[in-house]
Amino acid sequence: MSGFNKVVDSFEAALEGVEDGMTLVSGGFGLCGIPQDLINEIARRGTKNLTVVSNNCGVDEWGLGVLLVNKQVAKAISSYVGENKEFERQYLEGELELTLTPQGTLAEKLRAGGAGIPAFYTATGYGTVVAEGKDVRAFNGKKYILEESITGDFALVHAKIADHYGNCIYNATAQNFNPCAAMAGKITVVEAEEIVAPGELDPSQIHTPGIYVQRVVQSKAEKRIEFRTITEV
Amino acid sequence: MPLTREQMAERVARELQDGYYVNLGIGIPTLVANYIPDDIEVMLHSENGLLGMGPFPTEDQVDPDMVNAGKQTVTATTGASIFSSADAFAMIRGGHVDFTVLGAFEVDTQGNIASWMIPGKLVKGMGGAMDLVAGADNIIVIMTHADKHGNSKLLGECTLPLTGAGCISKVLTDLAYMEIADGAFILKETAPGVSIEDVQEKTAGKLIVPNDVVEMVFD
Amino acid sequence: MSGFNKVVDSFEAALEGVEDGMTLVSGGFGLCGIPQDLINEIARRGTKNLTVVSNNCGVDEWGLGVLLVNKQVAKAISSYVGENKEFERQYLEGELELTLTPQGTLAEKLRAGGAGIPAFYTATGYGTVVAEGKDVRAFNGKKYILEESITGDFALVHAKIADHYGNCIYNATAQNFNPCAAMAGKITVVEAEEIVAPGELDPSQIHTPGIYVQRVVQSKAEKRIEFRTITEV
Amino acid sequence: MPLTREQMAERVARELQDGYYVNLGIGIPTLVANYIPDDIEVMLHSENGLLGMGPFPTEDQVDPDMVNAGKQTVTATTGASIFSSADAFAMIRGGHVDFTVLGAFEVDTQGNIASWMIPGKLVKGMGGAMDLVAGADNIIVIMTHADKHGNSKLLGECTLPLTGAGCISKVLTDLAYMEIADGAFILKETAPGVSIEDVQEKTAGKLIVPNDVVEMVFD
């Protein structure tokens, strides 16, 4: 196959090159759309001292929580880290560094990182602790703070469908941070529920073009639900 | 009588207009969805990437890939759209969401809001709250007028770490509906049976009482 | 119908409120994906002293060229204005102001305008005339310039399909600047080749969510080709 | 003999690697697509929003909605993707395009490039050229070594308004292939039959001639 065939046949191959001390960007929102198989492989490898950039940090034994339990995470950059007792414990005992970042700013930092924009102004966080140490500037009479972009050594992404070239489509709200993460990885690894041949996807309907993706692997993990809320019929 | 949570939601829902895109925060704000008047349509924006959030699914409809910003399983309405987190917050930050309803710990006469962090308690994070307060033009804060110890939550200056500065101009509590302007709370409406003096007593920040304060009416 | 039904039945209604001196943002690249019917309606109204923000300015009698011939444009913000003799003439005679903006910066300025980001840093234009008067700042040893975002009083957009709620899908490379323009309009008007009922479009496959769109109208103009290049078989 | 346009394109094409995403500027750079080695695959990026640009369409395939950055009708290859202009330039600015080929009026020993504007002549605009030179890591400039009056286009300092500053490190002309480093052009290869002296004579900027200059070979 061509140099554009990015499909690898194991999670091990998908994450070759992940090393201690690296920054990993992960897609997902809560437990929705998380790259669980890739997270499990990081756990298996036992890579230490990681910085993880992800909106949330999973729950105690699922999502990025798996890496927390394993004490592989040195620093988290997230907007919300509730629902996770092990995170609490490690944070309170000073084992874990945490940089809280507003959710929209985090998403934009990743998109900007992927788009080669080193920094942007946003009103979010002006006048709060988030603004500490950051430039403040007024545009049209309103105050904004300067936020720098984020990139990662690896980005871990979960897609519904990927083709061999790495073109991705996400399902429903499992999209969330995945396209932003995909842009921000020096090496972006996609686990996909379905892998198809190039040409199967409509070029205009691709969420993440393959240019952002270096490796594709077949996913297998179950999908868990964080809060199952039901309308009784 | 102070308003119930349901009455607070009902009162806020009266601010809705036909064709509004609305973001409802977690907690009491969520209840507003139950009081959307029959003769109007609104679309609910969920900042994880869904415009057109529908009710919770039936057992058959449950999809782990379909959740709201509270990570609850939901459905999409007819005409919904789904997009990335960056795009979801572009809508908020760009002022495209018409109406936002949020809870808070404290609000002050400068329009500051504290809603995400209580020092000494575990910090879980601001989630999307800072983006919502900074990005939306039309925000209403919905909260109790005082905390459970009777301390006013309407202050001259917030004591807790801020979620946003100078971004709040409308507050509904269980006692009153107020607007914030010129460094003061301006009383607009009182809850049924709640006197202006009751409101004054529980408002620590400067309160202006115009002549035209009205009492809310509920069916 | 509901307050979300944005379909109007005439181009006149679609552009109600356009006034002399306003800023209009237009989608399209060359003659591909341009909102020709809406441009024609602006021409019919004779609105004067317009600032037009668009990658190109059409050709002599098509695209935004129609407004140039009509002397309705006071200022153009574009990346490339070749293929247009009337533009040349007006510019050389001082009738028309032109702000040349690099193509990627222009696209990002519109996206940022719609996304509430007042300014961003980019390497594009550093060390060139584009950087004059703009802040320069280094991030990780590389120099960037600060570019401010753009919004318009109206944005004119051409879509392949729009639903009543304003959700849009673009066809092939007629997408180009259209999603960026759609985000940047205070009032965004979409001319669509096909208008469908809400629910007809897959929520995950919408290019421009309806929240950015205020009015939708049925398009009718022909599509012209700027350079017809053919592979002989 | 100076290289023909076709030989210049052929020489540049030797820089391509299997799996490269490539952006080819208008003019001679476009010809590079004709010399992609058979044993590799590259995908062509067109900055109007197409990754996977194919050949011109047949009469039957012509679609006004399907054009390239030169506004010519084109096709999409199998596995192509199509996106907005903002997304197209995110790819360029973010350094995701592996290889970029551009024409120029002048290049200098500081890696500056002038390619968009000749004062006194009508300004048509920079299009995407400034974004391409600032965003791409791996750029090769392809141009004649001297203008039609015999003036060198490889200078100590560009005289025309810049397209980008300090961003060019590889230049192929009809006479030579050079790299730019440490404030000089470093001669790497000469065109067949072109002497080092020929190159020196037509290079106004500082030229370093290492011991290992080779002559290009064409079939």
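Every chain is named by a letter (A, B, C and D) in the order it is written, and numbering of its residues begins at 1.
Throughout what follows, a residue touches a chain if its C-beta (ideal position, glycine included) is under 8 Å from a C-beta of that chain, and two chains touch if they have at least 3 such contacts.
As the structure is a prediction and not an experimental result, all values here were calculated from the model.
A comparison of the A-D and A-B interfaces places the larger number of contacting C-beta pairs at A-B.
For the pair chain B and chain D, the distance between mean C-alpha positions equals 55 Å. Averaged C-alpha coordinates give centres for chain B and chain C that are 35 Å from one another. A separation of 29 Å divides the Cα centre of chain A from that of chain B.
With touch defined as above, residues shared between interfaces to two or more other chains in chain D number as follows: 76, 82-83, 89-90, 92-93, 135. In chain C, 108, 111, 115-117, 122-123, 171-172, 175, 203-204, 207 are the positions where the chain touches two or more neighbouring chains simultaneously.
Pairwise, the chains that make contact are A-B, A-C, A-D, B-C, C-D. Within the complex formed with chain A, the chain C residues making contact are 108, 112, 115-123, 137, 139-140, 142, 144, 148, 169-172, 175, 203-205, 207.
Those residues of chain D whose C-beta lies close enough to touch chain A in the complex are 17-21, 40-41, 43, 45, 51-52, 76, 78-83, 87, 89-97, 135. Interface residues of chain C facing chain B in the complex, by the touch rule stated above, are 2-4, 111, 113-117, 163-165, 167, 183, 198-199, 203-204, 206, 209-212. In the complex of the two chains, the chain D residues touching chain C come out as 46-50, 55-59, 62-68, 70-74, 76, 82-86, 88-90, 92-93, 112, 122-131, 134-135, 161-166.
Interface residues of chain C facing chain D in the complex, by the touch rule stated above, are 29-33, 55, 78-82, 88, 91-92, 98, 100, 102-108, 110-111, 122-130, 143, 160, 171-180, 207, 223-233.
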